[in-house]
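If you scroll down you'll find the structure; I have some questions about it.
Should a chain be cited, it is by its letter among A, B and C, assigned in written order, with residues numbered from 1 in that chain.
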Amino acid sequence: MLEASQLECVRGDRRLFAGVSFRLEGGELLNLQGKNGAGKTSLLRMLVGLAQPVAGEITWRGEPIRKLAEDYRAELCYMGHHNAIKEELTPLENLLASARLSGEPLSEEQALEALYAVGLAGREDLQAKYLSQGQKRRVALARLIHERRALWVLDEPFVALDVAAVDMVAGLIGAHLQRGGLAVMTTHQAVTIPAGAVREYRLGA
Amino acid sequence: MNNRLINWFKFASPATFYPLAGKMIPWFVALSVVFGVAGLYLGMFVAPTDFQQGEGYRIIFIHVPASWMSMFIYLVMAFWAALGLAFNTRLSGMMATALAPTGALMAFLSLWTGALWGKPMWGTWWVWDARLTSELILLFLYIGFIALQSAIDDPRRADKAGAVLALVGVVNIPIIYFSVKWWNTLHQGASVSLTKSPSMAATMLWAMLLVALCFWMYSIAVALGRARNIMLERERHTEWVRQLLAGKES
Amino acid sequence: MLDLLFAVIARDLKLALRRQADLVSALFFFIIVVSLFPLGVGPEMDMLRKMAPGVLWVAALLATMLTLPRLFGDDYRDGTLEQLVLAPQPLPVTVLGKMAAHWLTSGLPLTLLAPVLGLQFDLSADGLLVLTLALLVGTPSLSAIGAIGAALTLGLRGGGVLVSLLVLPLYIPVLIFGAGAVDAAVSGLGFEAHLSLLGALLAGSLFFAPWATAAALKISLE
């Protein structure tokens, strides 16, 4: 469903990678490996359309993602390095606002359910700036629970999480794959995903 | 027919364009000198002395062509910018970046010669008439473009950002000119425009056209030269640049 | 479409209310700059009265410029801008919402404060009225056009000054018609033409600026 062919990335003067090709089907997770600076984040940003490859093409269900534009974006969920939450809003307000901005219907109950599921019960009405790094990350991850998107693109999702949270997220990814979803992920940690087929792709040497 | 289509995109590659530009530059320099000599001769020696302004007026043979060129270069810059955004060709961005300093130079030259003309005429080094004020704003637009591109490290982002700015500028220039004219007529009803002469003798027009052509050829030559430098700098890691530099050293 | 617009405006307004310092500092900047002019040119009322339209408008322009970096800056730094760009929604509409919220938190307060400052320059009642009207129609254009500059300079060093360099030349038509309107009102001439031109500029910028800004955002995020 997701296919990348002959992707090439140039950052400033350096050619980070070239000839990157892979195919991903439903139920599969692509674990992107590579040293620091190999271009993993750049590749993920290309997959979601934030960055343009110098050469090569990315297709979703056979159509180039540039052509699909909004339709493609409606099926994907991207989590980058930043948490993408506003510090002055509470976790509850953050979830409700981002759902409204995406045009997704989300009731307060559903938002609270998602926040409880990521372990933020009792913190949902505290402005995010008072939360710890790990807690802020959990707010960001709450999206994975209430949004039903086919493709998850996760850039180092386990950073700042404690062991219990890491297991929880791994479980979420596994459940997503079992439902037929796809995921592309980079992580430096050795994590076992309880379900779905995990493939590895190495960037650079 | 097919061959010609393919050939255009071949020249869009810096590796092909670099030597081609190198061959063209001497021709443009030569043309520039020819036009310049002809135009200045006409302007300085043949055109009649102005009955009101004496010999000092002759500076318009530099002032007016410089104004025309400053405007024309901005349009060409915007054209290359639009091309680069539409087709994502690297060369278009380089051409736009190469043209900007020359455009700014023309604008500055126009302002400076305008001031030199104004001093003996009106006694002040500057006059806030519509033409000069619009020219000043055009200079600001050029400087903004150059400043934006120098603030961005990534050449691709710099090209695209500059392109958006150039296109926004191009759309705004008529609006700015109109508003400045409006402002000028409101506040200074009776002032005389620096370039409004009762009648333009044919020789004067010819002289201005020739000098304009001189500036045009000069601008092309300089822009091509600058573009070549930009190409070398940006593509220094590619094969063709390495071979070129190796060839030079031997 | 409207839903998205209101969602963006609601979110940004809520954020602005919780971060009041930004709101208030722009207003104080406006007051201070306006007060600098009499200090610079002398307190003679006749001269100040003549300068008033220009001074008030220039100060409003500068105060607006000051608030531009935070139009997209905060969202850029915490990653929410990326999510806005990735949302399955038309980006120009989202951008329009941000421009509207920006105006509500900068242009509108300036417009409401201006007549009070106009009194310091002994502007007539007609002048004050037209000043308010002109600012009301003109300041939204400033938010719209300024957004383009803010989007182009995201994350660059020298951000604030660079934005000013890019955007101030584009503000000149608004300045000319805006100050011209007040001048005309004070001299008893017709100011309708000026206001219509300001209206035309507003319509034009509301139509084109969101597209240009959306394109600039995508370029800056690459």
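Throughout what follows, a residue touches a chain if its C-beta (ideal position, glycine included) is under 8 Å from a C-beta of that chain, and two chains touch if they have at least 3 such contacts.
Given the structure is predicted, the values throughout are model-derived calculations rather than measurements.
> Just to be sure I understand the contacts, which chains border both chain C and chain B?
Both-contact set = A.
> Just grab the chain with the largest centre-to-centre distance to chain A, centres being mean Cα coordinates.
Looking at centroid distances, B is the chain farthest away.
> Pick out whichever of the two, A-B or A-C, is joined by more C-beta pairs in contact.
Output for the comparison: A-C.
> When the C-alpha atoms of chain B and chain C are each averaged to a single point, how far apart are the two points in Å?
Whole-Å distance between the two chain centres: 32.
> Taking the mean of the CA coordinates per chain, how far is chain A from chain C in Å?
The mean C-alpha positions of chain A and chain C differ by 37 Å.
> Quick check: how many Å separate the C-alpha centres of chain A and chain B?
The answer is 48 Å.
> Among the residues of chain B, which ones contact at least 2 other chains?
154, 156
> Touching two or more other chains, which residues of chain C qualify?
222
> Give the residues of chain A touching no fewer than two other chains, as numbers and ranges.
Correct list: 52.
> So in the complex, which bits of chain B are touching chain A?
Going through chain B, the ones touching chain A are 88, 153-156, 236-237.
> Of all residues in chain A, which touch chain B in the complex?
10-15, 52
> With touch defined as at the start, can you tell me which chain C residues reach chain A in the complex?
Touch residues, chain C against chain A: 3-4, 7-8, 10-11, 14-15, 18-19, 74, 77-80, 82-90, 94, 221-222.
> Using the touch definition from the top, list the residues of chain C that touch chain B in their complex.
Chain C reaches chain B through residues 148, 152-153, 156-158, 162, 165-166, 168-170, 172-173, 176-177, 180, 183, 197, 201, 204, 208, 212, 215-216, 219-220, 222.
> For chain B, which residues count as touching chain C in their complex?
Touch list, chain B to chain C: 85, 137, 140-141, 143-144, 147-148, 151-152, 154, 156-157, 160-161, 164-165, 167-169, 171-172, 175-176, 178-180, 182-183, 186.
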